[in-house]
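What follows is a set of structures for review.
Next come two complexes, and both contain chain A; in the first it sits with chain B, in the second with chain C.
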Partner chain A sequence: MKKYMTLAKMQARAVLAYRLNFVLSLFALMFQLFAMLAIWGVLLGSGQNLNGFDWAHMKAYLLVGFLCGALVSQSADWRMAGRIQDGMVAIDLTKPVDYQKAQFATVVGGAWTEVVTALAVCAGVIAWTGAVPTPGWQGAALFALSLLAVLPLKFLIVYVSALACFYTQNYLGVHWARLVIVSLFSGALVPLSFFPEWVQQLAAVLPFASMSATPALIWIGQLRGAQALLMIAAQFGWVVALWLAARLIFRHAIKRVTIHGG
Partner chain B sequence: MRRTLRLYRRLLGAHLRAALQYEADFWIMIAAAAMTQAVGVVFLGAIFAKIPHLNGWTFWEVVTVYAMVSLGEGVGSLFFEGSWRLARRINQGELDYLLVRPYPVALQVMGSDVGLNGAGNILVGGVLLGLGVAHSRVDWSAGTVLLGVVLLISAIVIRTAISLGTNSGSFWIAGPFSVFGYALHQVGDLARYPITIYALGVRLVIGVVVPFAFASFFPVAVLLDRGDAAKLGLLTPVVAVYCVVVARWVFHRGLRRYESAGN
Partner chain C sequence: MPIIEASGLTKTFRRPDKREGLGGSIAHLFTRRFTDHVAVDHVDLTVEPGEAVAYVGPNGAGKSTTVKLLTGILVPSSGEVRVAGVVPHRERTANARQIGVLFGQRTQLWWDLPVRESLALLRDLYDVTDADYRARLAEFDHILGIGELLPVVARKLSLGQRMRADLAAALLHRPRVVYLDEPTIGLDIAVKDRVRAFLRELCADGTTLMLTTHDLGDIEDVCQRIVIIDEGRIIFDGSIAQVKDSFARQRQLHVDFTQTVPRAKLAELLPGAEIEGDARAFTIGFDRFTHTAAEVMTALLAAGEVADFRLDEPAIEDVIRRVYAGDLDLAA
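What follows is the complex of A and B.
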């Protein structure tokens, strides 16, 4: 455990060296958020209510979605992919640490900058457009629990997609494919209840809604009590299932590692 | 002129072969790019299922504006992706090679990479543009067709010029990444929707300061005959010329600052 703590601490400092990359990667998310805020602002601005969302609740929903989107956005996958591509991963494999746990420790260590930056953006949006509703203490506790699951869950999705690099040798396409699938099925930009029935059913059996929609719906009070607990259980269920699945994939993937001489 | 075009094609061809070396990723990339554009429209569809229009714009009209950006981005990636490599080339001192060749430096820069994702963007953007225009009320005549073609070409020229101009910021801002270009590119994504939904400041930025809106919103407004926006939109070809002149000027100002790398 201690060695993983050290890895996390190392990364917590190292992120500051790459802050520019990080801010840039957040830019894309930020302008998506601004565009969606503008659209919903026009549609809900004069007191309308669509699917149980009024302007203040929609804003809160989108901001939580943004916070979840910012988590694990710090190109942990690109770092991995780069090392897989140029063969340096061979060195990582010789280290006396578990590869998956080490990667997770790195992501946990870097997460504080993501949270701080995302909260700063949220504060800016609130200062600009007015307050958002806050949940009671019970809702807040459920929200915190739900948000806690987002970090490992998002890590696992990102980790598995980076492992695809063992097969494709290049990461750009896989990276984009992941972004688009997550943005659709996580409900981060448009709440899933706005989609046709079949999309909602598909989203219900996929892990992506657990990455954003669940905490966001808990924050605005559309998920509460036993129902919220059930969804949080689903989140942690996905974490366990994907953790094990990632192990299986990794075991198969490292057989394909190509090491260049030199 | 013919020599310039022929050489540009050869230049792109060489980089196309390089881009094709990762075959699996190549297909995933095209599919992902196409999906990214399509999902944006799925979002719009989900929103418009509940409301008839957004600030007076119907679903298909907004799709037309959106598709202009997809298409313009696709053309930019497929044919002029090299602009996005400029920062790295300056940083590594690689511009030296380009400076000694008898071919316009700006064109060498723009043709120095091929973004295959552009194929997906062009495909989806083209289909969406066709669908959007077909479902919107446009008074078709020989004149509007001609006008539409001029507007489309101008819009693509504007986006291409903006990406060369903003990426030239790397001559002033050191570093291997195109910070300035990338940041403004994200701002440009706001022009995927009718700009009337934004506050005045945002409208001024994407309409005047960096005229992204002239590559999507304004040309479509002309075609749909949308009052004042349509009148302004008639300036699109003029804005295109202006953008090219400014981008060239910025690029050459920057080039004069280029001092290569030490080794």
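What follows is the complex of A and C.
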């Protein structure tokens, strides 16, 4: 365990070297947030209520979505893929650590900058557009628990997509495909209740809603009590399932390692 | 009991077969054709503890693929491999504990952190005790002079400094088997000598060394045994002294006379020697097992007054160069 803690601490320091890179990569996400805020502001700004969302709740929903989107974003993503692509994975594989756990430790270590920056952006939005509703202590506890599951979940989705680099040279394609699927089915941009029935049904059996919609709905109080607990259980269920699936994929991928040129 | 045992070790890569140009690339989308490329072809290798083996071959011969098979990075297509009783690709982490690896072209240092941090991480990864860690650092400082590098961010190191720090990183946990890929690349001569002396010491202490290198100085200074691989197959495996005795027998004596000496006269005095040059400057090639340098010198002095001379010893380098060029078949 100590070795993974050290790895996390190392990455927590190393990410500081990529401040600018990280802030730039966050810009894309911020523009997305601002665009969504602008659209929903127009739709709900004059006191309307759509599918149970008024303007203040929608804002809170989008901000939670933004926070979840910032976790394990660009830098961790490209770092994991890049190490496989340029063959640095060879060095990682000669270390007496479990590859998946080591990658997770590094992601956890680097996550603090993502949280800090995302919270700063949220604070800015609130200062600018006014307060958002807050859940009671019970809702806040459930929210914290739900948010805790988002980190490993996002890690696993990103990790599995990075493993695609063992099979394809074109990580950009994998990256974009993942972004599109995740932003649609996680409900980070548009709450899933706004989609047609079949999309909602599909989203219900996919892991992506657990990465954003669940904590966001808990925050604004649309998911409460037993129902919220059930959804949180689903989140952790996905963590376990994806963790095991990633192991299987890795076991297959590792047979395909072809590191040429030294 | 050998520490490295490989038999019939084979690794085949599948390479996409694309025809020329855009058309070829598009055609490949529909009819995917691949050719199998055998990078390592039925390699048999046994290494005893404490041996220093030079593993050499021209570019693309399969050197680093073999090392990656032995370190557990690659899974062999067929064949058996065991390192200190462990099958590397099956028990990767168990294998990782007992080996040290240096890929000269890549660094395992954390690029954005001081060297000290990378080494401290390795201490934790390999469960090295604090006392042992400090002792090791002192040792590395003495031999590799890494003390001054510890507070420096890895990104800011020169190639030579980086290599020294990387060597320390690879050897920190006192591995039983060490694989070094081009360990002296980019080092200046003084540091090179220190690194080689350090490697010799390591071997004397019972560490097994496997060196892949193009630097023939590394081979002669550090290793007792040489394994030559070409096109995935081992074409020679034996002691360096043996290679020299069998194939590096030709010494060359360069001589300048004070006055013109006819070439025919030299040929007469030195039967069996290869004589090149004319007038006053000659190069005499002779087998060090059939003539001594003194015999050749005596003959030259009989031919005329010698102004200057220089003797070239045969080097393993020449042998390997001839093998790579296809002029010499060591197996024959």
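Just so we're on the same page, the second predicted complex is superposed on the first by the 260 of 262 C-alpha atoms of A that agree within 3 Å, B and C clash if a C-alpha of one lies under 4 Å from a C-alpha of the other, contacts with A are read in each partner's own complex, and residues count from 1 in each chain.
The rule is simple: a residue touches a chain if its C-beta (ideal position, glycine included) is under 8 Å from a C-beta of that chain, and two chains touch if they have at least 3 such contacts.
What you see is a predicted model, and the numbers here were worked out from it, not measured in a lab.
Peer 1: Is this a clash or a fit when chain B and chain C both end up on chain A?
Peer 2: fit
Peer 1: Is A:87 in contact with chain B, with chain C, with both, or with neither (first, second, both, neither)?
Peer 2: A:87 sits against chain C, while chain B stays out of touch.
Peer 1: In the superposed arrangement, does A:98 touch chain B (first), chain C (second), both or neither?
Peer 2: A:98 contacts chain C only, not chain B.
Peer 1: Check the residue A:13 against both partner chains and state whether it touches chain B (first), chain C (second), both, or neither.
Peer 2: After superposing on A, A:13 lies in contact with chain C but is clear of chain B.
Peer 1: Looking at chain A, does chain B or chain C touch a larger number of its residues?
Peer 2: B
Peer 1: Rounding in steps of 10 degrees, give the angle chain B-chain A-chain C taken between C-alpha centres.
Peer 2: 90
Peer 1: Quick check for you: in the superposed arrangement, does A:251 touch first (chain B), second (chain C), both or neither?
Peer 2: Neither partner.
Peer 1: Check the superposed model and tell me the shortest C-alpha distance between chain B and chain C, rounded to whole Å.
Peer 2: Checking C-alpha atoms only, chain B sits 6 Å from chain C at its nearest point.
Peer 1: List the residues of chain A that touch chain B in one complex and chain C in the other.
Peer 2: None.
Peer 1: Going by the contact rule set out above, which residues of chain C touch chain A in the complex?
Peer 2: Touch list, chain C to chain A: 13, 64, 68, 71-75, 92-94, 96-97, 99, 101, 103-106, 108, 110-113, 117, 120-121, 124-127, 181-182.
Peer 1: Please output the residues of chain A touching chain C within their complex, sorted ascending.
Peer 2: Result: residues 2-3, 6-7, 10, 13-14, 16-18, 87-88, 90-91, 93-98, 254-255, 257-259, 261-262 of chain A touch chain C.
Peer 1: Enumerate the contact residues on chain A facing chain B in the complex.
Peer 2: 20-21, 24, 27-28, 30-32, 34-35, 38-39, 41-43, 50-51, 167-174, 176-177, 179-181, 183-184, 189-190, 194-196
Peer 1: Residues of chain B touching chain A in their complex?
Peer 2: Going through chain B, the ones touching chain A are 22, 24-33, 35-36, 39, 42-43, 46-47, 49-51, 54-55, 117, 175, 177, 179, 182-183, 186-187, 189-190, 192-193, 197-198, 202.
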